[in-house]
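Paired with chain B in one complex and with chain C in the other, chain A is shared by the two complexes that follow.
After this line comes the complex of A and B, so read on.
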């Protein structure tokens, strides 16, 4: 579906994206995870044809993006990081206009309903909250039922319940066979949604694997527990895969003296810090 | 088909953003003024109004529309849709030309200055398209309304001055090569109207091609790279 070979690009004279390579399979959710300024939106702009001065090969649906014609966009949906809507038109008017530009069209009320905006269909976008605008911006990318979706930070700035709703729609689109590329700086969203995650820092691709493999590749899961000792609470840690060798823990368990116990896997953020030396937020 | 969708969108946009209201206000105001003017001034006043209001204001409105679309990032949404740059330009030109021509005809009727409807409508319609092209050409490289206003001043002077001179009797034949003069000549159904029609069509075509190239380039620069 997407093939990137030896991609090089920079806004300035200094190198930025260098020798980037990756493949996105049809039907998967592929995520770019990285802190702000890492180059996630830049990669997305290259993949969607908004930056054409790159070097190397970028093939989307077997078309070299640099040489796309306008029919390239009949099958691609793009949700930008920032709202790109007519502010003085209502949400329905925006949807009607943008859907009128494509050959294939979806029912607009169904789309509005899916993100809880049907009751605000006749409100002007300028009266919308930030979260409402991002939801509308998101379904605007779906008006022509595209096979390939590019979502730039689809959950950023949403409250938990709307973020949940958005993630459910993304998963629903995947279940319908769509291929989805998304960018995020939220490790939980990346872990939950993505089949493959690419770590991006300073314009470089630092790791690429399934979230599970990334997490398992480094540091084993740990168990931490607390108990009382001489009137003070003490905290201890043991590796999950050698927990049987921890005599203290054995003893505490037999005497029913444990105050608390829990296991913790490393998060994508831990792995990200380890591999790139940078934190996500 | 897609151009028609764009055109409907543009007209709705212009309506919602108050452009139709402005045109209505100006048209009514101008007609009222024409009725109050003494008869011997009426024709020239009407022609100036027709020239500056529907025809030349298009330049300004068109720039404002492009700046709105840039500011609200709608241009990005259009650039990742199947819309071709020439469809975008044609829709923009037509949408403003329709309302400009309607307003001009009303003012023309109010001032009783239309003697040849075909020349009159052609003159205003083509003139509006030409001035809109200049608005597009100026606006695509500009970010703020203030910068745009400054950039339009020399453009408006170059367009209007020879045309006004012609209207008040400064009529060397070579001046008919000027597109603003052509608009006046066509609206007045002057001796050289037939020639003016071709010259104006040529200028309009030339400007439209240039505007199309600018828009194509700006669609490709939306990612932040100046081409």
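After this line comes the complex of A and C, so read on.
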């Protein structure tokens, strides 16, 4: 679906995106993780054909992006981080206009209903809250039922229930066979949604694997437990894969003296810090 | 082509929904009425007051030229402000990733308004001009003023961060019109200090009807457009 070979690009004379290579398979959710300014949005701009002055090869749906024509966008849906909506129009008018630009169209009321905006369909976008605009912006990318979706921070600024709703729609789209490129610095969203995750820092690809492999490759999960000793709470840790050798833990369990016990895996953020020396958030 | 037309139709709809921009477009007609009926009335009054045969008559051609440039200038000013609104609302970058495309967006926001401005200015000049114009001259002058007005759209969009800045810069961009009166008032070589302005060559063309001025008016417009277009294009990404 997407093939990137030896991609190089810079806005200035100094190198920025350097020697980037990756493949996104059809039907997967591929996440770009990195802090602000890492180059995630620039890669998205290259993949969506907004920047065509790159070096190397970038193929989307078997089309070299720098040689795309307008039909290229019939099968691509883009949800930018910031809403791109006509503020003076209602949400329905916005959807009707944007869907009119494509050959294939989905039912607008069904889309509005899917993000809980049907009751606000005739309300002007200028009267919408930030979260409502984000939801409308998201379904705008689905209006022509594209096979490939570029989502930039789709859950940013949403309350937990709407964030859940959006993530469910993303998973639903994946189940329908869509390919999704998710740009985020939210490690929890990436861990939950992505089949593969690429770590981007300073314009370079630092790691690429499944979230599980990335987590497991950086040390086994740990179990931490606490107990009382001489009137004080003591905390101990044991590796999950050698928990049977921890005599203290076994003793405490037999005597029912454990105060608490937790398992803890490293997060994608921990791994990102370890690899790049920088935090995601 | 359908997405392009639909996007342009929405652009026009947005201009009409904006009362200030709508008035900017209407101002052209009001100016035309003022020039057609106000200037001759003023001439009549001044001539009888000062007991002279002609006072403003020698500048009727300048008034016509002002009218010919005013129409595309106002249209392109409205177009630039609407583009800045679309830029603020992130519409510009979104339309670039739809079948409209970046090229389509540029065509629908630069070329189409200039095309409409050309047609309207031909009509206005044909109806409201104070001097006699041949059909070909009307077409050539309106074509040149429309092309030079694209500079206004590019300039305002490229150098303004938002609509408020766009309005402030709009006043500054009036300098581009400054070339029109120069050949009427400066006849020595100092007039060529304004030769970087397309409007200067447009006025020269009208006065002497020499084809070389047509090429110079076109060349200065194209140079301005190509210089500003680089910045415009960078802002569009």
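In this section, the second predicted complex is superposed on the first by the 281 of 281 C-alpha atoms of A that agree within 3 Å, B and C clash if a C-alpha of one lies under 4 Å from a C-alpha of the other, contacts with A are read in each partner's own complex, and residues count from 1 in each chain.
Just so it is clear, contacts are C-beta pairs under 8 Å (C-beta built on N, C-alpha and C of every residue); 3 or more make two chains touch, one makes a residue touch a chain.
Quick caveat, the model's predicted, so the values are computed rather than measured.
> Please tell me, clash or fit, for chain B and chain C sharing chain A in the overlay.
Clash: chain B and chain C overlap once superposed on chain A.
> For A:88, is the partner it touches chain B (first), chain C (second), both, or none of the two (neither)?
both
> Quick one: is A:80 in contact with chain B, with chain C, with both, or with neither? Answer first, second, both or neither.
Once the two structures are laid over each other on A, A:80 reaches both partners.
> Looking at A:176 after the superposition, I want to know if it touches chain B, chain C, both of them or none. Which is it: first, second, both, neither?
neither
> Is A:71 contacted by the first partner chain B, the second partner chain C, both or neither?
both
> Of the partners chain B and chain C, which touch A:100 in the superposed model: first, second, both, neither?
both
> What is the contact status of A:49 with respect to chain B (first) and chain C (second): first, second, both, or neither?
Touch partners of A:49: chain B and chain C.
> So which positions on chain A get touched by both chain B and chain C?
In the superposed arrangement, which is not itself an observed complex, chain A uses residues 45, 48-51, 70-71, 73-74, 76, 78, 80, 82-88, 97-98, 100-102 for both chain B and chain C.
> Which stretch or stretches of chain A touch chain B in the complex?
11, 42, 45-46, 48-53, 70-74, 76, 78, 80, 82-89, 93, 97-98, 100-103, 140
> In the complex, go through chain B and note every residue touching chain A.
2, 5-6, 8-9, 12-13, 16-17, 72-74, 76-84, 220, 222-225, 227
> What residues of chain A sit close enough to touch chain C in their complex?
So the residues of chain A in touch with chain C come to 45, 48-51, 69-71, 73-74, 76, 78, 80, 82-88, 97-98, 100-102.
> Sort out for me which residues of chain C touch chain A in the complex.
Touch list, chain C to chain A: 3, 6-7, 10, 14, 17, 89-91, 93-102, 104, 237.
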